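Following this line, the structures themselves.
What follows is a pair of complexes built around chain A, which joins chain B in one and chain C in the other.
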Partner chain A sequence: MPGAVRRGARDRRRRKLRKGAELTILLGPGLVLFLGFVLAPIVVGAYYSLYNWDGLGPLTDFTGLHNYKIAFNDPAFVQAIEHTLILTGLALVIQGPLSLGIALLLNRKFRGRALMRLVVFAPYVLPPAVTAVMWSLILQPGGFVDQVMKSAGLGGLVQLWLANVHVVLYTNFAVLTWQYLGFGIVLLLAGLQGIPVELREAAAIDGATPWQVTWRVTLPLLAPTLRIWGFITVIGSLQVFDIIWLMTQGGPAGASDSMATYMYRTGFQNQAFSYGTAIAIIMFIFCFAFSLIYQRYALRRDTAGALTRAVA
Partner chain B sequence: MRSSRALAVVALAVTTATAAAACSSGSSSSSPSTSTSASGSSSSASTTAKVTLTWWNNANTQPLLGVFNNLIKQFEAANPNITIQNVPLQNELFKTKITPALRGNSPPDIYQQWGSGQQATQVQSGKVADISSQVSPWISSLGTPATEWQTNGKWYGVPYDLHVVGFWYRKDLFAKAGITSPPTTIPQLVSDDAKLRAAGITPITVGSKDGWPDAFWWEYFAVRECSQSTITQAMSSVKLNAPCFTKASADLNAFVKTNPFETGFLGVPAQSVPNSSVGLLANGKAAMELQGDWDPAAGAGLTSDKNLNNQLGWFPFPAVPGGAGSPKAVLGGGDGYSCTTSAAEPACATFLQFLTSAAAQKQIVGAGAGLPANPAAASDLTVPAEQDASAANSAAPYIAEYFDIALPTTPGQNLDNAVAKWFASPEPTGSGIISSVSGPA
Partner chain C sequence: MMTAITAAPPAGARGTRRRSSSWTILPATYLVSIVILGVTVVPLLYVFLDGARSTAQLSNSAIALPSPWVWSNYGTILSSAPFWEFLGNSALIAGVATALAVGLGAMAAFALSRYVFRGREAIYTLFISGLLFPIGIAALPLFLQLQLLGLLDNQFGVALPEAAFSLPITMLILRPFMRAIPGDLEDAALVDGASRLRFFAQILLPMCKPALVTVALLAFVTSWNQFLLPLLVFTTQSHFTLPLGVYTYQSTYSANTAVILAFTALAAAPALAVFMWAERYLVAGAAGAVKG
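Take a look at the complex of A and B:
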């Protein structure tokens, strides 16, 4: 019947229009904010980094890639990159297993589990500024940490935690771990909740030891969560700033500098704004390259289906 | 159906509330509200319309914080049409906040700066007001030191206090170590340090974490080794080529090797917390500190010792045997304020003039904040040791301004960073320091 066919076509068009309107209204504001506050500043920043500019006068001194050349020839910046990579590597190698172990322990039922979960997550809730100020007071020479170590008989291991240039980076790492371990634990706990108990019970019934259950059943099913945790941790470590800045300002003498603290010091304190912007662009390239590679190879199987088929 | 409708209403309400909160939280401390000012009447001392001026300064602790609040009240009582909004910021925070503020659209009306090369850099922003016409009637009464606040012959700021860097020492700890009079040469200082160590006292405290206290040490050795003309030439050409600068590094290296500083000095900040270098001095944990004359004021808020000002003595940086510089030359500078182009005139210049008046200067120096910019108030220094500092300042053959202020901002900061880095691993040549003024960007 001709009338029915015409009505059908009109309905399909209306549905399409409605879907288009839905997408525009729901995605529009987010997209505008993203373009305006994330993409535009990156483009503008890349433009500023091609000049020699102290932040106050007009942009007159075009120097091309000069700032980038200086950056990679500056031993302080190369050192900052090394420190950042060391912190990232340590975060993966130390915080990972630690979070996993504690999460597995907290997944069992025991008395006071809720309290333990609270205690373990509490540091993450503190603002990094509070953490940094608190720890820099505790770590003073002769301060709380030193007293506790002496009374535990570890007095020989006491260092100048914030003043010794060989130790200060690892002191910062310890405080970072204290702050962010809770995040990993909560994330992995959530992942563990998603593993059906029956699978572990079935494995146990089939004669698997607890270690084998963990290694062969729990961990593979936890892998997607671990991959997400790894992604967030690396991106966060590449950009680490607040705790390092507030505890040591990247010092003494750049011994605990990360890329971000180096950028802040040269860009804002030294007022070499275009140079600081160049550093920021370099950091962006690091993070962007890592994200692309990681999403292509590690996260691919997790996002398959969501990204590789058209949304119906 | 009903539950999803309720959910939609709740979602809408939450979104609206968040948006409203986000929009309203934008108004922070800097209010750009300066209503129409009488622009034509340059001769009248007060404006005819109501004016509010925001005032960014670094007096965020007592006693200077209280003094400034009192001064504001006195000024507002005398000038009912002008309201001053006090915005104190911690010193290190202040220095990094001011540049973006000058770059933005609503800079503070009045802000603190230290003159000379730093001021010249800021003038490039176009936001610093040329107040030559407003200040010329009275600025000459402040004398020569005030000329640091001229750039290209025009006045862009007015000082409210002057500073000189020297040794602050605790008389009680010197007595305990058996030191009868302060050292006058570096070798004497070294032997005094040994006496203090023998008595179990930390000889000298330095706030290396912040960088600039280290710079005082290196710069004073430079001022002792280099002649006045060498220093002036180096600052204006932004080059530290002269051999006396290398000698300064060698001298400082030899001094640091005598272990004069507190344990973990590389991680100790300069001010604001009890375990800072000035906090250690104020609490009797160290005997000496090489710092500016603001030290008593900075330390007073960090200790419960009400008798601190009487315990402190002052002596000038000792002479360096064989140095080409005068043993009486001093390193110093001052604090001043500038008006930005958004500030209502002549209200802003009127306030700056008020701060240099004898009455205001008396209260400022009474707080131990510094030496007066107005020479007429020199007798009002209440901290006894400040009188010594002031006398040394007046008797000095010349005042070398702190290098990081005398130089343009980027080379100046590079110099501070290089000296701080040197302190972490001292060596005799100081080549990193000398090349730093032509550092990144």
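Take a look at the complex of A and C:
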């Protein structure tokens, strides 16, 4: 008996060791990659941001929060924050209802629906660099857009789309919408397909008009998907770079600068690396603060939502 | 709904209302569809067609079909080394990033979905928190990190971070998928003498194929389209990816619009071709993310 007990204990210990080894093999590489390239840069960045450093030599010139003070005292950066927030707000207010409306239409059965889904999603997979160059050619003065507007009798509305400081931010927003609208549509379509048809049919049989069915049955059930869409859209908008940089480089005169284009120009091109990382940390704090607030007030309601579990 | 209407020909108030609504909604659907089709397809078509016009034709009129068709713009690019170099670099980097993200992501998702151990939820939360820190914001700190590691101007300096940043969404989609596969199956495999790692490699992974294809596509597209990180990391043109190539062409050939158009069209083609084939998986992926 004592021998059996000892053997049992040894077996248990060996099984435990084995499980530990398996977990190390399975989790180790992924964790190392993740810690090394996702989390470590935040720490490294936060550290560098406290110094004055131009990319050469050791870190010696400790300046504390000086970089952050400079940033918030630079009107160009404050303007870049404003632009980023405007683009984020416009994305929620305009792209949201637009993708919802189109998703509701495409959720109906009609001939050509499969083709429409393909077309709607296509811009999303295009490299943003391609989108940006394409649209900057289409929008150049006297270009395709101007000609179409003139022949439609709207010649008076033609602008210097990429050079007028009052227009350029909204031109960028229009191109961003072209690129990313399909993503919202597909996400919402997927959510719509998760709503049982029976619920809508039952409401219709009970005398609800299609309008009422949409407002009272479909939309409340779609709310978790809408909230996830909102989360992804805001996080994406806060880091917007590619399209703006390739179309206008944040110009003219900073009129279309986002936080990321400002970071690239002041931090990387001017080789003020520690200043640039301070900007990156500020952007990260924006993301983090947003997700805490969003988690507290919006996502909390989705007890089954994936992001709730993730962020909580 | 249609059968309900035809089954009750003496239409009551409700019947006519429903019918009239479908009468107004169907044309609206087609109208909206045509507008979307136009706004999406016309710019793409414009670039493809204008890539086949000469610069002289372009300056004559902004809107016209190529006459005559000038294929030499496309020919010049397709027979030049840089285009194929950019394409090869993009494919290599996206391939490595995808293989790492899916391989390591699947292993970690297996550990986090089918093992019981202390700290499991904490590790999962750690991975998922990566969603808050997109690569676009991380790029500059990442640049400094890569400098410390000696990975600047190196393809791995782009592929490794891209793989790492694809892990959160990979875990988000794979873990629930792996969890949903019945435990009886695993017990049966273990009784038959297979180890858990063998169960993972030979039984679980093949069963996860739809989810694996989805996360692979997401990782591939993300890497393929990435612009800021390669812009920071690469200094040698022979390392450039396709989006960087588009950027270089735009600034180098600014006088020759036709060549830029042709290059842009060719740069768009691979993404669109892959997308035609893979669209259903991407939509399935969106559905997976929604259901969590």
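Note that the second predicted complex is superposed on the first by the 273 of 312 C-alpha atoms of A that agree within 3 Å, B and C clash if a C-alpha of one lies under 4 Å from a C-alpha of the other, contacts with A are read in each partner's own complex, and residues count from 1 in each chain.
Here is the rule we use: a residue touches a chain if its C-beta (ideal position, glycine included) is under 8 Å from a C-beta of that chain, and two chains touch if they have at least 3 such contacts.
Remember, it's a predicted structure, so these values are computed and weren't measured experimentally.
Once both complexes are superposed on chain A, the partners chain B and chain C clash. Once the two complexes are overlaid on the shared chain, A:N107 sits clear of chain B and of chain C alike.
In the superposed model, A:Q79 makes contact with neither chain B nor chain C.
By the touch criterion defined above, A:T214 reaches neither chain B nor chain C. Touched residues of chain A were counted for both chain B and chain C, and C has more of them.
Legend: residue contacts after superposition of the two complexes on their common chain; A:L56 is shown touching chain B, with no touch to chain C.
Of the two partner chains placed around the shared chain by superposition, neither chain B nor chain C is touched by A:Q295. Applying the stated contact rule after C-alpha superposition, one finds that A:N67 touches chain B and leaves chain C untouched. Once the two complexes are laid over each other on the shared chain, residue contacts for A:T266 go to chain B alone; chain C is not touched. By the touch criterion defined above, A:G254 reaches chain B but does not reach chain C.
Note on the chain A alignment: of 6-14, 96-104 or 168-176, the part of chain C that runs into chain B is 96-104. Touched by chain B in one complex and by chain C in the other are residues 136-137, 142, 268 of chain A.
For chain C in complex with chain A, the touching residues are 1, 14, 17-18, 21, 25-26, 28-30, 32-33, 36-37, 39-41, 43-44, 46-47, 50, 61-63, 100, 104-105, 107-108, 110-112, 115, 117, 123, 125-134, 136-145, 148, 160-161, 163-165, 167, 172, 176, 196-197, 200, 221, 224-225, 227-228, 231-232, 242-244, 246-247, 250, 257, 260-261, 264, 267-268, 271-272, 274-276, 279, 282-283, 286-287, 289-292.
The part of chain B that touches chain A in the complex is made up of residues 95-96, 99-100, 102-103, 121-122, 124-126, 208-211, 263-268, 273, 275, 409-410, 413-414, 417, 420-425, 440-441. Chain contact summary for the complex, chain A toward chain C: residues 19, 22-23, 25-27, 29-31, 33-34, 36-42, 44-45, 48, 101-102, 105-106, 108, 110, 112, 116-123, 125-130, 133-138, 142-144, 146-148, 178, 186-187, 189-191, 193-194, 201, 204, 207, 209-210, 224-225, 228, 235-236, 238-242, 245-246, 260, 263-264, 267-268, 273, 276-277, 279-281, 283-284, 287-288, 291, 304-307, 309-312. Those residues of chain A whose C-beta lies close enough to touch chain B in the complex are 52, 54-57, 67, 70-71, 74, 136-137, 140-142, 160-165, 168, 248-249, 251-255, 265-266, 268-272, 274-275.
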